[in-house]
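Labels run A, B and C following the written order; every chain starts at residue 1.
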Amino acid sequence: MTVRKAWPLYLLLVGCTALAVIPFLWMLVTAFKTGPEVFRWPPALLPETWTLDNFGKAWGTGNFPRLFLNSLIVASAATLLNVVLDSLAGFAFARLRFPGRDALFAVVLGTMMLPAVVTLIPLFLIVKQLPAFGPGGWLNTYAGIVAPGAASAFGIFLFRQYFQTIPREIDEAAQIDGASLWRVYWQLVLPLARPAVVTVAIFTFTLSWNDFLWPLVVATDADMYTVQVGLSYFTTQHSIDWPLLMAGAVIVTLPVLVLYFALQKAFIGGVTLGGVKE
Amino acid sequence: MGLPRRVLGLTALALLAAACKPSRADGGKNVLTVWLAADYAGSPIFADLNREFEEAHEGVRIKLLGVPWEDMPTKVKTAIIGGKPPDIAHQHPFALGAQGFAEPLDDLWRAWGKAGEFLPGALEDATWRGRFYGLPLDINCTVLVYNRDLYREAGLPEPGPDYSFLALQADLGRLTAPARQRYGIGLTTGGWHTYAWIRANGGDLLREDEKGVRATFTDPRTVAAVRYLADLGHKHHFGPTPTSKARDYDDATTLFAVGRVAVAYTGPWDFASIRKNAPDLRFGVARFPAGLDGVRRGSVQGGGGLFVPKGAAHRELAFEWMKMATSDKYARRLAREEGRFPVKPHQYKDPWFKQDPAVRTFIGALPSARPFKLDAYPQANQAFQDAVKEAFYGADPAVSLARAQKVAQLAIDAVEGGR
Amino acid sequence: MSGPGGAGPALEALRRHLPAYLFVAPALLVLCVFVILPMLTALVLSFASWNLVGPVKWVGLANYALLFQDPTFARSLLNSLVYTAGSATLGIAGALLLALALEPALPGIGGFRAILFLPALMSEVIVAMVFQWLYNADFGLLNYALQLAHLPKVPWLTSPTFAMLAVVLMGAWVGAAYNAPILLSGLQSINPTFYEAARLDGATPWQEFRFVTFPLLRPFTLYVLVMALIGSFQVFGRIFVLTGGGPVDSTLVAVQYIYRVAFSFNQMGYAAALSVAVFAILIVLTALQLRFFRREDAA
């Protein structure tokens, strides 16, 4: 399609972009405003006086920087673990035949279906009993925050679907040449599944970064909290100061955006595949 | 290529970090774990208090954690069942005690002998059915805040000592100007806030006697108060229809702060934030108006207290900490620095309390306020809240409250019967 | 190398398939310890009555009998179904549309691809906070836009009907952004030779879509549909912050009700039974979805 003929498409995309971005833009713009401006009618689209005060205040509250670090560590660890563990399992489910495969996969899918509310307390008890960290088990540790989400059904499912689109001839060709299953996976198939890797990475990071309830319950030290708990503090403390709240929200969302923009080049770079390259 | 490898390296580092536990050698000390509401915990007052406590008690270390107020019950309950409860937590002791999550402290109170020093309303927050379940930390109540300029503009006198439900309703009619995006009152559907009006009208929600605990949702004064409030919004449109989210009282205060409503009902915890967000707004504070029968009563009491979660390790030490937190020195600082008001009458003798007219009015309203006891029965509480919300959205309060009362009574009986 | 009795063939199978089991073992171990074990505990708890402080009392099927007579639970299930149907349908349709629009390698398409994913990155709470003000009847941007178009203002959050619509639209907004990249990578995984072959046969763009794109996209549409069903049913925080479940329970979803029963009413046993009910419903719905896809495959 030439650029000229594609103008309706561009129009559609611009429209969708506006829809996608307006809430975020509103959040951003509000963070630069001061108090009463927020409730003007007709709504003030841009601040009269731009101020950076809110950002400074938000960042300086409590131990935000430490919470940030915690969230970074937790989310990065969760991402790496998920990409590795889920792709391994997804590979097996997609391309290997073994007894109990379909039943196991059904069990995996089933793990997503029980509302997590009632598993909170049993999970707490389990994490508390895990060895290696002393009397509190894995409570109040990074490991305790990360471990329950170290592998996830959605990642396994996605990898499986993606691996299914890669032709088996590749595996068979390599195995005839004497490659072990591990090499087929690690050096051949996984690199071809780069979009799936990046997708799972971004989704897992986002999910982990935005998690609130489990880090709240598992931490017993103020400096083991993650950034979402900090935001909740923040929200109750400054409940009617919307510019300040939005500044906090912007700061909290920033790392996910940064990661995403860093990775999406790799993501959109992963173009046509799933076939024997021409 | 560079980026993925770097990313991989960083995540590997993160994994390594995650595998480490931030160690904190306690060196054989007794650790007292305290969980306070998030907005209190960050204050330097408690840093100082902890330091003083540690100096006074050899071999003790305090670990303070802030928890958002609304999430405190979930976190405490999980910790109790998980076998790792904190020694002190912060909510309404009577409610947690009624539900069985707080340790009774009668023996410690008796030994201390200072119960008489506390405001009766404050003690009510920490006792249930005659037993002590905690120590009150601070106290507050709702009052009316009104925009003095808007009242003046409408040619209305400011609310005086004989302000009543009907007088307020008449004024709200004059203060509402939808064409100018302005309403009379900012409404909220919250149960606690609504209870203030019920009390002001002489009604109540629970009655305790020898036979047990009875729900009194259908008391005519209770129904009348709810009807009055709901009609202000739904029938007369003196206030924008409130949304139903959890903290919709924030919306009412926000609208007040930006001058969109002339009246709101909130408490001293909001005075500071209104002043900060709307420095040009001249607002006055008035006690809750007299009820429909013209008799002035009280409003609802709030605040919070400290309690010892069931199974905590250091009960007696916890009580000592709680005593220090309500001592004159720290009560004074909590009032001045955080706007949290003391629980002992003699602490109000401080001239600081007489300076600010808003504070003076609020203090005048305190003695007649009563705590929201329905917190002790969560299902009854939920039924009440649902009925109030239904009324705000047009249902007949008499019908909704009657239905809610049945549910509530069943729930109350289930709890009381199981004792 | 057959051992004694029937153990031989089993051991042989284990040895032959060992690599496969090793591949799934790590993930399965994590899931077993941290997900399946708590789930089993919850299942056991559903046959008990436990108020968190007292002892655990076994009540057999009493909780299950109760939940069939619980009008609030029934209401919340209905709300969950409505929300799921609405937001999943709109979300996936939107995602497909977006993915198709983003697929061509036109100049600047990279920028669009990047930006259109933003809604999926914000935390649920923040999304709800922002939408709260967008939906505000008196000061929100949405009603302002409607007013500019000479349309009446909508009581988004203060009317039982509109509140559900508001929540569904918010869910679809996130869902479209979330699923678009998955469908996009699905589109990109289709070998172009298929398109060339179709074009040689004289296929129109619609026919291309129907006979090449859509069938080859199947692994991804299946994923997206199953995940949307399961995910939408579990949504709680986003709705809770926006409406608190109201007005008058019109947006009270099953998971919020379960949370309330567990942590407000302190009835862990009953909450567990409610969760098992939701679990059962999701299993049935997912199984139906998978069977529908398999039948389509065979056709």
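Here is the rule we use: a residue touches a chain if its C-beta (ideal position, glycine included) is under 8 Å from a C-beta of that chain, and two chains touch if they have at least 3 such contacts.
All of these numbers come straight from a predicted model, not from anything done at the bench.
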**OP:** Determine, using the mean of C-alpha atoms as each chain's centre, which chain is farthest from chain A.
**Re:** B
**OP:** Could you see whether B-C or A-C has the larger number of C-beta contact pairs?
**Re:** A-C
Subject >> Whole-Å separation of chain centres (CA-atom averages), chain B against chain C >> reply: 36
**OP:** Could you grab the centroid distance between chain A and chain C? Build each centroid from C-alpha atoms only and quote it in angstrom.
**Re:** 15
Original post:
Counting only residues that touch at least 2 other chains, which ones in chain A make the list?
Top reply: 38-39, 41, 120-121, 232, 235, 242, 265
Subject >> Interface hub residues of chain B, defined as touching at least two other chains >> reply: 74, 81, 181, 260
Original post:
Can you list the chain C residues in contact with two or more other chains?
Top reply: 138, 263
Original post:
Okay, in this complex, where on chain C does chain A touch?
Top reply: 13, 17, 19-21, 23-24, 26-28, 30-31, 33-39, 41-42, 45, 98, 101-102, 104-107, 110, 112-127, 129-131, 133-134, 138-141, 144, 173, 177-178, 181-182, 185-186, 188-193, 216, 219-220, 222-223, 226-227, 230-231, 234, 236-237, 254-255, 258-259, 262-263, 268, 271-272, 275-276, 278-279, 282-283, 286
Subject >> Parts of chain A lying in touch with chain C, wherever the complex brings them together >> reply: 1, 3, 6, 9-10, 12-13, 16-17, 19-24, 26-27, 38-43, 84-86, 88-89, 91-93, 96-99, 101, 104, 107-123, 126-127, 147-151, 153-154, 156-158, 161-162, 164-165, 181-182, 185, 195-196, 199, 203, 206, 209-210, 212, 228, 231-232, 235, 242, 245-246, 249, 252-253, 256-257, 260-261, 264-265, 267-268, 270-275, 278
**OP:** Over in the complex, which chain A residues touch chain B? Could you list them?
**Re:** 35-36, 38-39, 41, 61-62, 72-74, 76-77, 79-81, 120-121, 124-125, 128, 133-134, 136, 139-143, 146, 213, 216-217, 219-224, 229, 232-233, 235-242, 262-263, 265-266
Original post:
Can you name the residues of chain C that touch chain B in the complex?
Top reply: 51-54, 132, 137-138, 155, 157-158, 160, 163, 240-249, 260, 263-266
Subject >> Contact set on chain B toward chain C in their complex >> reply: 73-74, 77, 80-81, 99-101, 181, 189, 240-246, 248, 260, 310, 378-379, 382, 386, 389-390, 393, 395, 418
